[in-house]
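Pasting the structures here.
Presented sequentially are two complexes of subunit A, the first with subunit B as partner and the second with subunit C.
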Partner chain A sequence: MAPVTPSIRHFSLCLRCVRQLPTANGTPRRTLSTSAAAREEVQTQPSTPAPPVPPPSDDTTLTPSTTSQVIPDFMQKWGTLDPQTVENKKQERRLLRREHVQPVGSRRRRAVLRRSALQKATEVPFEQLPYQCFQEARKFLLEDRQEKIKDIETQQLRIRNLMDQDPAVSGGPAAKESRLRSMRKHFNELIILADINDPVVKRKFEDGQGDMNKPIYRYLADQKWRQYKRLVLEQRLTQMNVVPDLLPTLDIVADIDLGFGRKSVAPGDFVLSTISEKMPRLNVQIFTPGERLVTILVVDADVPDLESDSFTYRCHFVASNIPLSPTRTSIPLQRIAQEDAKSEDVSAKKIAIPWVSPWAHKGAPYHRLAILVFEQKDAQPLDITKVGKTKRENFNVRSFVDKHKLSAITATLFRTQWDESMAGVMERAGLKDQIAVELKRRRVEPLPHKRRTERMR
Partner chain B sequence: MLLPRILAPVCASLQATSKLAAPSKHVLDALRAANGTITSAPTLALTSIRHASHQSQGRANGAKDGPGKRLGAKKSGGEFVIPGNIIFRQRGTAWFPGENCKFGRDHCIYAVESGYVRYYRDPNLHPKRQYIGVALEKDHNLPYATTRAKPRRLGMVAVVNEVDAGDVRVVVPVDGSEGVGVEGGVKEKDKTAKVLTMGRGYAYREANWQIGRTAERMNVQVKQFVPGDRWTAWKRSQARIQANEEKKKLRNAGKKGGAKKKQVRRNVA
Partner chain C sequence: MSLSSFRPVFRSFKPSTRILSAFQRTPQCLQQRTPAYTSPFSSTSRMQKRSKKGPGLDPRITSIRYHLSHPLTPRPLHFSRTRSLRHWTIHRAWLLFLRKRRAAEALELERQYMSMRAACEHLRLMDSNGNRVSEDEAGGQGPDAGTLGVKGREVGRLYRSAMIKRGIWGSVPVEYGRIQTDFPGREGWNHGWTRN
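On to the complex of A and B.
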């Protein structure tokens, strides 16, 4: 056990909000899609109604090879580290390093938990805290919740009745459909409203322990994403003209994280050519229920075309039939490629066009490499061999989308340009003849306004 | 003589006021009574003159009529421009730069691509602003459609560099013998050779990491630093102080005369 540390300093540190450590240190970031089951919970069971939990998605095809790594001796000396009670920075760092787990909640809360554990104080469950105002408020919220649940039941009944109704009675099938749609929308709103005021739900969400199978946590995550991250992504995509250049329009409905190896890449960042030689890893969080198949497309939108004095597009990578759901967010392309290489069956493969490392000529303007995620129609798998026939050069995203009946759900991009290591990257990619080519600005002839003519003399 | 038309109200008023006031013999008084403006005292002459409180001429009002600044359009719509051509000169931002145009430092608008000038509005971008753009082709209209890929021009030519694969390196032997040669790459592992690479300012210099490892290359042995070893620290500081004093003596050796400055003695323990 770590020694008991002086608390005053740590409390003053805690008063500032403790920021979650960034993902750069190679640990899996706490995502919302996984609820920590193993951790003991101080509180009682949440009062959420728990809509039918779908069976856990079979991650057997893509599960990481969980090799039990041998913990070195010096790490074992650190003693037990509980993510609920680690209190100072050092211990948090050690927890990340050894157990690859992020600490839970604020440092202030962890300090209190630890102190009460040390003093062997009786742990009062959150809902039974002995504050009168708190209890009154809880009572009020519970009443409101009962009301909402009653509303949900009636709405359910109404929907069922309407579905049984003859379309002729309800004014035609179109009118019936539209009524059903609006009723379902209201039903979903009620489900959210029933839980939105629950302090336990709020706490679990803020701790990153929300279960993305439940609508309330999906809703909260969506709201949070829309408040900042989506705005940034949308701005980058429009300012760097991904949207009119590659796709006519794009309504981003899924959160996307891009990274190469350990390094996460903000949308629009410049990535060194050696780093982007390997395939990126993606994390796509969707906020609507259900399993679906997606196609990933990586396109270079700035390939210089010297003949037409313009730019064309080049396809760098296509992978199809990748399963995605609210709880299944990770798309490790490296691992997918490894599994593809192992599998004998051609139709079971996922990568239609393998990765080509992004490259740029010396002196050329920067290349935008857009990563587009498309949802396949009706979650139907695509024929990989057919997709694989797509030509890399002079690639056209619009026709590709039309041909395979795809709809874009999200996109991100990174940029690449000539750097010191580009020559090596191009040599390895089999582009040795292109290394020596340098692009230079063409001289523009001045306008012939000032030329003296015969008449002017 | 008064006309009967004027006289008639006068007579009427005389009749009306005759009961209240003594009948006036003066016609003017009667007229005043008829108008209802009976003043007891005769009015004073109220003639006011407005003096100039602000000088209307001269330099006080500033020069209003300076030389013209030659503002306005330098290129009209549809005219061909090349990069750098100024299209519009203005004070403030009556016009904004649109496609393939930029603001100059005085808000003048100049072209960054060669093409044809267009004056247009773009309600999708801003509801009120008016823009000046350069269309790349003669038949293009601005603004471009928001759902189509924007036409762009590369404006570059490909040049094949003769020296391929990597940077030019100049190998300079450290011992000073001549033999500054340009090589494609350094093959021999001569640790004492300085490898000069062309840096950013076109100057041949050692890379920073190589400068940092000079001591290692030269086998310089450094005593290990022991934190808290005051004895060594004291010895070294004494040596430094003495060296400084020696230096000062040497500096002052040439000087003669002048008042001797009071020496600040360091406490040499």
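On to the complex of A and C.
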């Protein structure tokens, strides 16, 4: 960006705020989605009704003194260089040299922007683009939307009537409940259908500006997540046997992103021991409305048990009572730990069992570190001191789930194995005696030589 | 058959003398000395060559040219953001229109069927005086429309005559009137079937 020079983009933004947008043919100019402000989704053609680039003399006065000190005189003669509208090679080079900014987008796009700015092309909102077929289609979709809204109102009325009805009339409380459930389902479908054909909704969702408090954006995000990301996550969880090993079944209903610091980790990735020494950060996106409390559990599913020549589980981390909603997705465990350290009240704390960095013996097969997210029953907070009494070693996820009445909503995992920095990590974790331990495969004695029989020959 | 398999990989833009001259150090005079009367290889007939009009366009060549420059796959839609959104809007509206039309057709068919059914029911429960009788007095219940009720032949006469299926398919018996399928049903043949 050009330092503080009021660029053409800023001008256009201001103008767009102030401008009175006319209505076409007396129709309300924005009817497809009721709640959004009209200004926001007005589609502008790639044109900016801004004055042409000011002469260089203006520029020198406008440039703040801090930058003009650094910039030599010959560079100031180049005039204003806007990264949005720079269109030839020379200007691009100058922009890079003086402002240290890369030009935005393709050269063709920049040229179009500049031309239309020079010609003061008028801004036509997306709704009013003068294409006959498009306008007919919009009219049809708007009619359909009105019908859907009417349907929604009637369905609301029906649901209210049924709720007021005596259960004896509607065939028992169970029948009434099931009828109510199916009616509510239809109601939710209608709400989705009212907005699904709106191009503005589609654009906002694609730009990532969708409001997750609204059902349509939640629905679209859910659909997109199920297309690819959920499939990958489910495959990793089942192929690495998290699902039968730790939980009997798991229906993943929330999107989860795992990362350590800035680095994001794909589900099932190997993570260096130095990186996983600190707590991860989680991003859990749920697609159902309402606030709830979740419990987060990190379990090592491959702790070698040398006595019985098998593997056991170890609990690495438990945090409870973490609030989560469709708009509140981030779970920064580091920050939660810091807040916990500050707070005096024991019941307000969230981390029941603090983080222990994942470690693996030299020569041992990789360890799966599963991160499980559970929803607490009825959004009721758990007693942290009770949860904190859980033992780390020989941890059993199923009994933990049963004890605290949890239901899993999503899970992810990463893997750890012995690496160069593992010795240091283990030393810092207070496992100095374990560093020297090296696991080796037991030598399998070959079977005694068997003579070939007649038949085999 | 795809004509694109005939497309040459490399196209020589001119007779090969040009390329040769680039590599050979032959002086220009050498080429000029070649006799002018040696006609180059040509498939054009002499009469055609002599005529003033020049060669007419061969439709075969035209078609080959056309297919060489037009691949079978149509080019993909490259739209700008706004253009693709407009396209999407129109597409969604069209799909919605089709869906609504289908629903309306289904509803109309159902309405017609129900109306016919109501009419037949009315006939079945009507006696010779046009009065309505009760259900057990009327016949025509069950799969066979020809059964008589308690009141006998007087009730539902019109109904029975309407249910007669003889002759409506011409010489083909009505039992063959069902939709023909590629494979027989699960229980191949109904051995217990009799006309009456």
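Here are a few things to note about the model shown:
Please note the rule applied: the second predicted complex is superposed on the first by the 325 of 457 C-alpha atoms of A that agree within 3 Å, B and C clash if a C-alpha of one lies under 4 Å from a C-alpha of the other, contacts with A are read in each partner's own complex, and residues count from 1 in each chain.
By our rule, a contact is a pair of C-beta atoms (placed from the backbone, for glycine too) under 8 Å apart; a residue touches a chain by one contact, two chains touch by 3 or more.
Every value quoted in this text rests on a predicted model; they were computed, and no experiment measured them.
Aligning the two structures on subunit A places subunit B and subunit C side by side, free of any clash. After overlaying the two complexes on the shared chain, residue contacts for A:73 are found with neither subunit B nor subunit C. By the touch criterion defined above, A:439 reaches subunit B but does not reach subunit C.
Of the two partner chains placed around the shared chain by superposition, subunit B is the only one that A:241 touches, whereas subunit C remains out of contact.
With both structures placed on the common chain, the touch criterion links A:203 to subunit C but leaves subunit B unconnected.
Residue by residue along subunit A, subunit B and subunit C are tallied for touches, and B comes out ahead. By the touch criterion stated above, A:129 is placed in contact with subunit C alone, subunit B being left untouched. Within the superposed three-chain model, A:140 lies in touch with subunit C and out of touch with subunit B [touch as defined at top].
Once chain A of one complex is fitted onto chain A of the other, the partner contacts of A:309 are limited to subunit B, with no touch recorded for subunit C. Between subunit B and subunit C, the shortest distance over C-alpha atoms in the superposed arrangement works out to 21 Å.
Common to the subunit B and subunit C contact sets on subunit A is no residue at all.
Per the touch definition, subunit A reaches subunit C in the complex via residues 43, 45, 126, 129, 131, 133-134, 136-138, 140-141, 144, 197, 199, 202-203. For subunit C in complex with subunit A, the touching residues are 81-82, 85-86, 88-90, 92-94, 96-97, 100. By the touch criterion given at the top, residues 241, 244-246, 248-249, 304-306, 309-311, 361, 363-364, 423, 427, 435-442, 444-447 of subunit A touch subunit B in their complex. Against subunit A, the residues of subunit B that register as touching in their complex are 80-83, 85, 114, 145-162, 164-166.
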